[in-house]
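Read through the structures below before going on.
Next come two complexes, and both contain subunit A; in the first it sits with subunit B, in the second with subunit C.
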Partner chain A sequence: METGDFRQLTIDGEVCRVAAGTPLKDACLLAGKEIPTLCWHERLTPASTCRACVVELEGSRTLVSACSRLVEEGMVVHTDSPRVLHARRGIAELLLSVVEDAQVPELQELVQSTGADVAHFRFGATLAQPTRDDNDLYIRDYSQCILCYRCVEACGEDAQNTFAIHVAGRGFGAHIDTGFDRSLVDSDCVFCGNCVQVCPTGALMDKTEWTLRQTGEWDESCIQVSETTCSYCGVGCALDLHVLNQRIVKVTSPYSHPVTQGMLCVKGRYGYEYVQRPDTSSVHSSAP
Partner chain B sequence: MGSNAAEAHPIIFQHILRGVHQGAKLVVVDPRTTLTAKRAQEHYALNIGSDIALFNSLAHVLIRDNLQNQSFIERATTGFEGFKAAVMQWPPERAAAITGIDADRIEHLAHVYAAAKRSMICWTLGITEHHNAVDNVFALINLALLMGNVGRPGAGLNPLRGQNNVQGGGDMGALPNRLPGFQDLTDPAVRNRFEQAWGVPLSPKPGWNQTQMFAAMADGRLKGLYVIGENPIESEANRHHMEQIWSRLDALVVQDLFLTPTAERADVVLPAAASFAESEGTYTNSERRVQRVQPALTPPGLARDDVWIVQALARAMGHPWVDKSAEQVFAEVQELAPNFRGITYTRLAAAQGLQWPVPNDTHPGTPVLHTRLWEDTVDPRVAFMPVDYSPPVEPPTPAYPLTLTTGRRLAFYNTGVQSNVYPHPHHQGEQVEVAVVDAGRMGLTEGMRVRVTSRRGSIIGPVHISPSLPPGVVFLSFHFPDQVRTNVLTLDATDPRSGTAEFKAAAVRVEKWPSQEA
Partner chain C sequence: MSQQGGAQQRLLPNQEIVTQSSPLSFQRLQLRGLNLALERAFGMTTKSMIQEVQDSGIVGRGGAAFPAGLKWLSVNEAAGHSKYVVMNADESEPGTFKDRVLLELDPLLPLAGLAMAAHGVGAHKAYVYLRGEYRHLFSPIQQAWELLERAMPQVLVPLEVRLGAGAYIAGEETALFNSIEGKRPEPRLKPPFPTVQGLFLQPTLIHNVETLANIALLFRDGADRFRAYGSTATPGTKLVSISGRVNRPGVYEVPFGIPLLEILEGVDTAQGMQGGQHLQAVLLGGAAGSFLTAAEVGEATYDYPDLRRYGASIGSGALVVFGQSDVLPEVAQTLAQFFAEESCGQCVPCRIGTVRIKEMLEQFSLSEKQSDLRDLAQTMRDASICGLGQSATTALISLLDRPVLWNWGL
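So, the complex of A and B:
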């Protein structure tokens, strides 16, 4: 029986009552069961593509994704049944077989929690390909793309509403595309970098960070983050300035901020060079 | 209304589109088919400067069809009968002839506005960069009052602020007739409080706004000027005239990050720290949210915080000012400005900014203003302000057959001092945008060089044939003054009440360059 705006369900044998509209993932967390995720992002509509969050739902032929499925009255859910663990292990092993450098914390956690064998499928096709370096603001290294759709959602209705990219192709040929594989500069991209902000793997990376990593100068432990407010228009976007050796090397915005909810425009994210580029005509450099 | 938020305020536009995805209706009124207009369900491409004809006619239809919020009008407003009489002169057919929008579309738009339970009007410089800017705004206020679309969540009148801290400047009293906290200089009680705190008498006479200062520079009444963080030589209308009047100054001090063309004329340049990344303080955003800015970098060379410079200057002029930090200055604002009384640096950090008024330390801030209009007794009531249409100062003529309008482009900002430094892939400089039919008539092709001439001067630049422009309209931004000095062309006819020039409408002609006869 449904009561008020609450739903009663059973998670791993424990009876829980949660608000209607709660995703299964959050209901499981309330029941003390943390569900692994890869593609899910707090700011974005769940795309349910990675399947790392699958759980077993009695009466359902297939496993269901806990990030997007909402609680229903009387559900009986198993979060760590052999079938669930087997599926998650397979997902981890398949991802590791195609993605070149899986330094993704969420994927590493999935590997550990499922006991995945990283070498299991290391004999088939991979996504290895050269990094696309076609502009001075961010690079695309699709050999690290796990097709989580976060960039697509951030470029689309969840934030930027530019719709410059989408997933093209099917099966193993599925890939993020700018429309006829154009360079970013020739695409509809406006370089807001919100896709970079939500990318979980480093497949999308600011050019500055990428360059510093290439030369070995990027040292996370030496980066200091300073909170401030954007200097461009009157919207008042919160900025986190990431500073390395007295230089701003990256700008992000907190997802918790009421104005930005983590998203910025191109000026806020990349338009900071004016405070640090040596300029022979500037007053600064004429100072003794 | 007159806002290309998708390019000029991208993050506000994300909030607007979230509303659209959840079922809100977005209507854009703009002469250009901007990126914003393309995302709207309905776009009304009115003739430049015909705003009041449209808004009065919308009010006409609302009242004629008895769709107004009568109980709100009776309880919370005054002057309705006079307003009604004024807009009854504006049947849609009359407005259609002026705006270029069909009468039945005007009727439709009025009905769309009336059908919404709550409706918000946002605007930017398309409304305020006209010789009749204040009347344009009154016309919008009248519409909102008519439907009770004020003082409620999801309703309201929202001028989207163009600069990071234009609201904060006003908050701090950087206006000729205001003291910090937007308090009225001419109110003796207010003045007395500041006189007590500061220990000096204050003149009750408002100073000059920028336009009045320019007039005073022109006729020699203003001899010395101190400019902080602004580049008027490149941003103000009618540049040639501007350069002439600046040369009449006896003394010019410019405080800026860079040696801008304005700073190049200065007798003294005071190098300043970049506020958002090198100094301490607050900005106030478009929704009155006061937020912290904090230093991440050490300013280069001799550059100093604006607060430090101003205090050092006061001491150099013989005033015994104690050196105060930004936070100490803010504490003084807190004490003297009732709207800021509950705001402290500590609270700002914890709350991710607070929206004034914040009358005490536990007040959560005020997301919606003017809620008092929905209380049982409304005192004082709000007045309808009937306004009449006044065409642009420079209508097209045979010698200047086109209308130049100006605006921003997404990746760039104002005179480019900040935005022309970072490596944006679309950094291609200025383009003279010309409507497709006009380009065809003149035989222009993409990228061809043209000369644009107004009554004040000429510029030369490459053509972009733009499908977003209606016939007869030319568009330029003012982001690339090193290449194209757009403000040579623009018109300095200003609204005397706001001091804002008519950047949105200047009569021009466009010719191939070099001309083929030459």
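So, the complex of A and C:
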């Protein structure tokens, strides 16, 4: 029965009662069923474009995406029926037919859990293309892009409200664009790096990290994180300084922080080199 | 192209009306009985209008055959600070050209239906979303609305005509809303449905051109007389677009429930196969439709319940007729190219799936890849966001299911 602000539904045979407005994905988690996702991000509106989170809903002609579909009274949901597993396997195989061995843990888990054959659909067009290295702060390697829309959302209404990038083109040609394929420097981008922060693949990466990876010097296990507060203005954004061999190599902010919710501006994210210059006093005193 | 109707001609104006009046004249409005129909509809309460639409049994002619009355009821009951009605004139389904013919021959009929629909659901504004290639109809549509405004002063809502820019996907209702709003025509996730959260996130009634033409006839004739045509399951007539190897391709009006073969052979309709050709198959419902073999065409009737037995549907009303010399696997390739080009690219199963299907058909034979094609088709059908990806392989699978149409080795 529909009572108050709660909804009763059945997930894999188990009856659950959850608050109205809960996405199916969260209801499933409460029922002990973890749903795989690729495009979903805790800080962003679900775009539901990867379709990895589909579940079977009795009475529905197609599968439904658990990240965006909200619970309804009386729903009967199956999270690991053959149809569900078949679709998830197909999605993993399709993605792996276009992106070169993507370094995405979630995608690798999806391959594992569905028994996907990574070579199944590898006979046609891929996204292979040169890396775009057109600015000092981050690179774009769209050969790894899974078009999850996270960067678009972070740049747009979900965080930055700059709207410097969007999807352009159609079908297989759909891609992230700065508008007429301009370089980032010529685009509306303000280099906040929030798109880099949320990108689940290696498609967007800080230049520092990318350079260190090129030379084999990037070692995740040796990175230490120091928590601090940004010193540029009075907002008080929390910063996590990622330090490798006594040098800051990356700055992020925790998604749980009430002020930033993980998002920063260009100064907080990229303006850290002054900390590690040997001596900058002469630079300051020589300013006119 | 022929535009004759069959014996039961209602949606298309008959020869007499066409010769006696021009499409954009008061005389046409009167000869079609539309002035009285408008007065009748605008004199009714919202509630009784919706009841009449429900009694009529009209189902949407845009492809999905959803009961119109249910949509009206839902929009009417939905809360919103404004409401909209939209005429979907994006007509881009391959093999479908009946909305164009209807709007060219008699724009007053569907637009009168749009005006009535606006009244019926309490809308504040009406939109027509017109396929970019139909720009010659832009001004006639505006003129028709002005004429209706003069016939019914002070009661019509404002109309805005918007021109598409050449994307098939913009015909999908929620992509169409995004397009009107100035965004990329990407389909939205449903629910919420348009009746609750449509254009500008407000309750919206969207209908195909032909559905609205039926609405106008309904309020002219009343539900009982409306139901005198067609079958018990599906009252009314249907505009079919016939192309391919027939003597007289064109748009014809037929009652639901007519034997399928009669549409192809009738003297009032397509008049049979072109010289020397034997019927091999019909692609029913457009690119997202199903192939029927000649034998099936010989038995089937043109109605939803009967066609369901063959896994087929009426769809947009397209019938593409193939002769024995046509190579259907090549047709399947053309369809696959179409979907790969027209996918909006938003979701993985369709963005990548349509390309992989196209490549498989180009690089391999159907028998070599049959199981991979079926495997991928199921993922696309189950997991794609919208109708494009979900039905992009319907025709292909219907072909695979009928080896007589492609597996000549048998």
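Observations on the structure shown:
Following the convention adopted for this analysis, the second predicted complex is superposed on the first by the 277 of 288 C-alpha atoms of A that agree within 3 Å, B and C clash if a C-alpha of one lies under 4 Å from a C-alpha of the other, contacts with A are read in each partner's own complex, and residues count from 1 in each chain.
Note that in this section a contact is a pair of C-beta atoms (placed from the backbone, for glycine too) under 8 Å apart; a residue touches a chain by one contact, two chains touch by 3 or more.
Small disclaimer: the values here were computed from a predicted structure and weren't measured.
Contacts of A:Y274 after superposition: subunit B is touched, whereas subunit C is not reached. When the two structures are aligned on the shared chain, A:L241 is found in touch with subunit B, with no touch to subunit C.
Once the two complexes are laid over each other on the shared chain, residue contacts for A:S48 go to subunit C alone; subunit B is not touched. Of the two partner chains placed by superposition, only subunit B is touched by A:Y232; subunit C is not.
Contacts of A:L204 after superposition: neither subunit B nor subunit C is touched.
Taking subunit B and subunit C in turn and counting the residues of subunit A each one touches, the greater count comes from B. Within the superposed three-chain model, A:G173 lies in touch with subunit C and out of touch with subunit B [touch as defined at top]. Shared-chain residue A:C195: touches no atom of subunit B or subunit C. Contact with subunit B, but none with subunit C, is seen for A:P258 once the two complexes are overlaid on the shared chain. Touching of subunit A by both subunit B and subunit C, each in its own complex, is seen for no residue at all.
The residues of subunit B lying in touch with subunit A in their complex are 8-14, 17, 21, 39, 160-167, 256-259, 263, 269, 271, 274-278, 283-287, 289, 291-303, 352-353, 410-413, 417-419, 421-426. Touching subunit B in their complex are the following residues of subunit A: 135-137, 157, 159-161, 184-185, 190-192, 224, 226-239, 241, 243, 246-248, 256-260, 263-268, 270-277, 279, 281-288.
By the touch criterion stated above, subunit A contacts subunit C in their complex at residues 48-52, 54, 62-63, 65, 68-69, 83, 86-87, 89-91, 94-95, 97-98, 120-121, 123-125, 146-147, 166-167, 169-174. Per the touch definition, subunit C reaches subunit A in the complex via residues 167, 169, 184, 186, 189, 191, 340-349, 351-356, 359-360, 363, 372, 375-376, 378-385, 390.
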